[in-house]
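These are the structures in question, set out in turn.
Below are two complexes that have subunit A in common, paired first with subunit B and then with subunit C.
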Partner chain A sequence: MIEVRDLIKTYPGATSPAVAGVSFTVEQGGFYTLLGPSGCGKTTTLRCIAGLERPDSGMIKLGQTVVVSDRIFIPTYRRDIGMVFQNYAVWPHMTVFENVAFPLRVGKQKVAGSEIDRRVRESLALVGLAGLEKRMATQLSGGQQQRLSVARALVREPDVLLLDEPLSNLDAKLRERMRSELLLIQRRVGITTLFVTHDQVEALSMSDRVAIMDRGLIVQEGAPRDIYHAPANQFVAGFIGSTNLFAGRVISRDAETGQALIETAAGRIVADAEGHEAGADVMIAVRPEDVVLHRGRSAGGPEAANSLGGVVEIGLFTGVSVEYHLRVAGQLVQSRVSSRIDFTRGDDVVVELPVHAIRVFSMAGSEPAAEGLAGQDA
Partner chain B sequence: MSTAADAAEPGGRIRRRSPITGRTVATAVVLGVLIYLIIGPLVMLFLSTFRDSHGALPFSPIATWTLDNYPAVLGRESTWRLLVNTFGFSLGALFLGFTVACMLAWLTERTNMPFRNVLFVAVVASLGIPNVIIGIAWDLVLNPVNGLVNVFLRQSFGFARPGPIDLYTLPGMIFVQGISLVPITYLLVSAAFRAIDVSMEDAGAAAGAPFRTVMRRVTLPLLTPALLSAFVYQFVTVVESFDIPLVIGIRAGIPVLSTQIYVQAHPASGLPEYGLASTYSLFLLAIALGPLVLYNRIISKSERYATITGRGYTPRRIDLGVWKVPAALFGLGFVILSFVTPALTLFWASIQPFYALPSAESFARITFAAYGEVFRNPATLRAITNTLILAVSVATGTLILGTLVSWILVRTKSRARVLLDLLAFLPHAMPGVIIGLSILLIYLIMDRALPFPVYGTLLIIIIAQSTQYVSLATRLMSAGIAQIKLELEEAADISGASWGATVRRILLPLIRPAFINGYLLVFLGSIKNLTLPLILGTPQTVVLSTLVFGFWDKADTASTGAVGILALGITVVMSIFLRRATLHGGTLVA
Partner chain C sequence: MRNRRWNWLVIPMLVGFATIYVPAIVSFVLISFHPSTGPGSVGPEWTLGNYAKVLGDAVYQTGLWRSVALGAITVAGSLILGFPLAYYISRYSSRFAIAVFTLLYVSSLTSIVIRGLGWITLLGTTGPINGILQMLGWIQEPVIFYGNLLGLSIAMIHYTLPFMVLTLLPVMHAIPTGLEEASSGMGAGFVATVRRVVVPLAMPGVLAGSLLVFAMTISAFVIPRLVGGLTLRLTALLIDQEMRTTYNYAIGSTLASVLLLLVAVVVVMASVVGGRSRVAR
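After this line comes the complex of A and B, so read on.
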């Protein structure tokens, strides 16, 4: 179990804190991910947990041991952790075996030679490097160095596994494979794991819980599914997946159903707008894959709410799907549809935004962190 | 230029297919110049070891062929003393220099020692002080007769004259040479510290190793290749060093190989023994060449340590706590020894009509007369002019040559590359005394054959220093050119630029920073160099370093101080202009 309370860390010379009061709990055996753009404080949080940075204030508990508090700062080497670094930090002057044996050799409890041998082999077998013990660490490929790094982190069976963007140096194919392999190892060992990444696919596919960080704070925490389908604010909506975002103003709201009519540059849109009063400036978010396209012109009229007339600007065929860029009044809208649906540039289409798929955020307080129409794509 | 027309003609295509003519000529010229500069002296040296010159030149009519020089050198007991001295002196100075440099590097790179940036600048500044001046300044401080510290100790504690501290001993030589080794060693070691991926050390801590274990089992082994190569490089530097063994060692009666060669060729009395001098030279050459071959091996092997490097964290600095003050005092102590003491002593010597301890009386005697005298002396003006002509010629010549060699080495597949590589490497293993001696022999002999005089003019020193510094220039320019992506030149090629235009409009502007920096380094080296002007110079070709040495040799302390301060001012200011990036990157030797 990892428990972090009110963690604050400001680097010397920095104007704003890198971590500005972060609290979260990782359940025993859980796979927990800190996800955010670079500079959001996720790595600093991890390094504080590892003891590689000293936080200004806050509490950190690993298992049953408080390692950081007002009066306590336990140095890294006394913490019961295993860590995988972004660049693997495999020691080039040691063999594969010696790299993995190192934590057993330098630890406080002496481990017998035969025991070291057994555990190193076990650990290497776990990551699929059995038989490479005698190689120099630098003779391994990038992917193998990564496994070696995992074996080294697990060999002394720590309470907690810390992963600092371990997949970001691998090429795309290998990264995909390592994703499932790493998760499989974690499940098999059952170790409490904290994972730091800026890659949303890694975060969503591997984690039990994900915390989205922005400017030193956790802005949303939840299961991957909830985060994707119910982003708490515009930043999360823009950061996770791609999103059509457009500004609007609430014209009227039905108090009973909670549905509101919202005026936007693309036209009038009906959406669930709980908590947004008439006259409020809001931001509307719709995932491209939720945008439905129909051939032809919009019929118009009140029953055609959320069915807007648009023109195809361009279609990007990716094989799995087609991403159409559509101009709806003054607004660009993206739609991702089955690759069997075929439009050409200039076609008239009806762009349908299903009511259940629309998220409404209040404009005030939602920073323009997600730039433009669509945020980072997957 | 009619590049467009060239390309349009059918002939243009033929020229493209074999664009070699221009390059072949350039390669041949460069190769010729290098052979002339480097192989000539080596051949002369080798042949001279088989000549008995009977007091004349090795190839004068009365000289004869002989095999006696080798048994004479090997059989002498003094030769073995010479080797013991050379190694004792070298290893002692290296031990001192590396201990101090490693501590300084660790303190400035990895701890929160106060004033660490000031310390860095001070170390770089002391890089500029010529060794001959360091030696002379320490003579003024510690010589047993009138060294300031000795006089002070005698006056205060009633020690007997001379003494109590004797600079003219092996430890004295080691001390001064050790201090003079620190700046470059420091730059090399701190570059090595910076090259270590900090996450390697973090991984050690995360694996449960305490600080000391991480230092011993991760940091030190990772530093080892860089430390080893710095050690080998500096070993060669000390074995070849001449200034401090000359200033201190000769008076101390502790000859090393470099000074022995000088003495054989310039005996205080009797006739020069060029055959013996050449044979000693061959010894020294062998001692220097071996480690350098090893050094090149280490450098190429260090690629074995290439790992995936991630984003670099600025390493957390270790909090020294109560040790901050001792650490700062250590740094201050070094700056006092390396820079403040030599500079202040020279200055004090320059403003005293006769050399004495600072006191009420000596303060009353302060006079700047020596400066006036020195500047009225035509030799000083000649020395300044000569120094500038020499430094500009050598820096220009070697940098142009070095750039061409580097370009051929890095960019072409010319078959001459192996030879060029070897030629450009050799002078580094050739101690200054050997270059001086062999070039002296060449031009003494060729003097009558040449249409214009070389011996006795600045030209001979220019040639000798060009031989000496072409290695440095080539190394710096190779590093500079290797950093420029080939695509940039290819893009110019594809845009239709001729080879000349590509060089002029793409390559030259891009290598300018490396060129300027290399120019400064060679310029600085030329000014600091005493060996070659001393061996090859005449009163007409006096330069600043030989002028200082001459004044000091005649015990004219005031003039020594005045010219010393002048030379030191020029070189220190120049060294501060060296680009920090180069100093940090360790390209000084890489």
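After this line comes the complex of A and C, so read on.
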């Protein structure tokens, strides 16, 4: 288990903290990901947990041990962790075997030679490097070096595994394969894992839980599905996947159903707008794959709520799907549909925005601090 | 290999080398195989007698041993001081580290004569070092530093330290800090990290620095002359004596050849060790 409370870290000379009060808990055996744009403080958070940075304040608990608090700072080498770095950081002057044996050789408890031999081989077999023991670490390919660094991190059987963008230096094909391999290893070993990445596909596909970070804060935390389908604010909606975002104003709201009529550049839209009063400026988010297209002209009228008339501007065929850019009144809307659906430029279409697929955020949603706290338990 | 067309740039250096340095070496090596026929002259016949004399004579033997011992002590001393210093400077870009480095660098630019004289003053029986030691009550009688290996080693370590540090620095800088972080992340404390990661990776620099310091020390003249005095009879001083006082060119050349051979042996040894450590990388 990893528990982080109110972690704050300011680098010397920096005007604002790199990590500005982060709290989260990784359950025993869980796979937890910190996801966010470059510079949002993911690495800094991870390094504080590893003990490579000393936080200004906050509490960090690994397993049952408090490693950071007001009065405690346990140095890195006495924390029960395994680490995997973005650039592998395998030791170039050692063989593959020696790289993996290192944690056993330097540890507090002496491990017998035969035991070292057994555990190193076990670890290497786990990551699929059996047979390469005698090679120098630098004579491995990038992917193999990454596996080596995973074997090295696991050989001590630590409480937690910390990974900082471990796949980002691999080419696309290998990255995809390592994604499932890494997850498989994690599941097999059952180790509590904290993963840092700026790649949302990695984050969504591998994690039990994902925390979205922005400017040193966690702005939303949840299961990948919830993060994707119920982004807590405009930042998350825009950062995860592609999203149609357009501005609007609440005209009226039915207090009973919570549904509101919202005026936008695309027309009037009905949406669940809990907590947004009439007259409020809001932001509307719809995933392109939720936007439904019908051939023909809009019938108009109240029964056709959220069915707006549009014109096809362009279609981008990717094989799996087609992404259509549609002009709906004064608004550009993107729709991703099955690649069997075929429109040409200038076609009239009815653009349907299903009520359940629309998320409404207040305009102030660009402030991560305020929204972040509200969105924590989403 | 790839940019062969730039090879001509080394020609001026090679020309200078071939016309001045190589003939000088060849000539004294040749002289060392001829018998002395009086001050400033050697006979035409070939002989190994000079070597027999140099290696058999107690004075020359002691001189050689002392030179080698001084070289070894100086290498050890400048490594013990220089390695942590270079590591510190390369790892902490603090203002203090930069100040330390600047101080070291500037001091390496100071005239060698001034530094030698400085040490004579500092190490004299009434000098500040003896004063402090006596004040602390660590010694009763003043320690004599002049004219022995003790004082000379101190001065030589001071003289060679900047060269050691400047040789180590780029090698230390080239070691990614991530390798040390990985080490502590895998449970190694500071000492284990230095011993198992930093030292092995800095080995090329350690070898290069040690070689440089050793060669500098056994051929050093000015500081041994100033701080060590004539009684120490180091080889470099004996060479000077033979060449410029007694004009025994044969013996002087032989001593110089032995010194040359000594450095060559150390270079070969170091490159064997270095080659092995490179294979192991």
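Everything below uses one rule, namely that the second predicted complex is superposed on the first by the 365 of 378 C-alpha atoms of A that agree within 3 Å, B and C clash if a C-alpha of one lies under 4 Å from a C-alpha of the other, contacts with A are read in each partner's own complex, and residues count from 1 in each chain.
In this section, a residue touches a chain if its C-beta (ideal position, glycine included) is under 8 Å from a C-beta of that chain, and two chains touch if they have at least 3 such contacts.
Small disclaimer: the values here were computed from a predicted structure and weren't measured.
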| query | Put the two structures on top of each other at subunit A: do subunit B and subunit C fit, or clash? | reply | clash
| task | Have a look at where A:E53 lands relative to subunit B and subunit C in the superposition and call it first, second, both or neither. | result | first
| request: Quick one: classify A:N169 as touching subunit B (first), subunit C (second), both or neither. | output: first
| task | Count the residues of subunit A touched by subunit B and by subunit C, then name the partner with the higher count. | result | B
| query | In the superposed arrangement, which partner chain does A:Q331 touch: subunit B (first), subunit C (second), both, or neither? | reply | neither
| For A:G142, is the partner it touches subunit B (first), subunit C (second), both, or none of the two (neither)? | first
| subunit B versus subunit C as contact partner of A:W91, first or second or both or neither | both
| After superposition on the shared chain, which partner residues are touched by A:G107: those of subunit B (first), subunit C (second), both, or neither? | both
| task | Once the structures are lined up on chain A, find the stretch of subunit C hitting subunit B; candidates are 6-14, 60-68 or 132-140. | result | 6-14
| subunit A residues contacted in one complex by subunit B, in the other by subunit C | 50-52, 75-78, 81-83, 85, 87, 89-93, 102-103, 106-108, 136, 138, 149, 152-153, 156, 162
| task | Sort out for me which residues of subunit A touch subunit C in the complex. | result | 50-52, 75-78, 81-83, 85, 87, 89-93, 102-103, 106-108, 136, 138, 149, 152-153, 156, 162
| task | Show which residues of subunit B lie in contact with subunit A when the two form their complex. | result | 197, 199-200, 202-211, 213-214, 217-218, 221-222, 224, 304-311, 316
| request: Show which residues of subunit C lie in contact with subunit A when the two form their complex. | output: 176, 178-179, 181-189, 192-193, 196-197, 200-201, 277, 280-281
| query | So in the complex, which bits of subunit A are touching subunit B? | reply | 50-53, 75-79, 81-83, 85-93, 102-103, 106-108, 136-138, 142, 145, 149, 152-153, 156, 162, 169
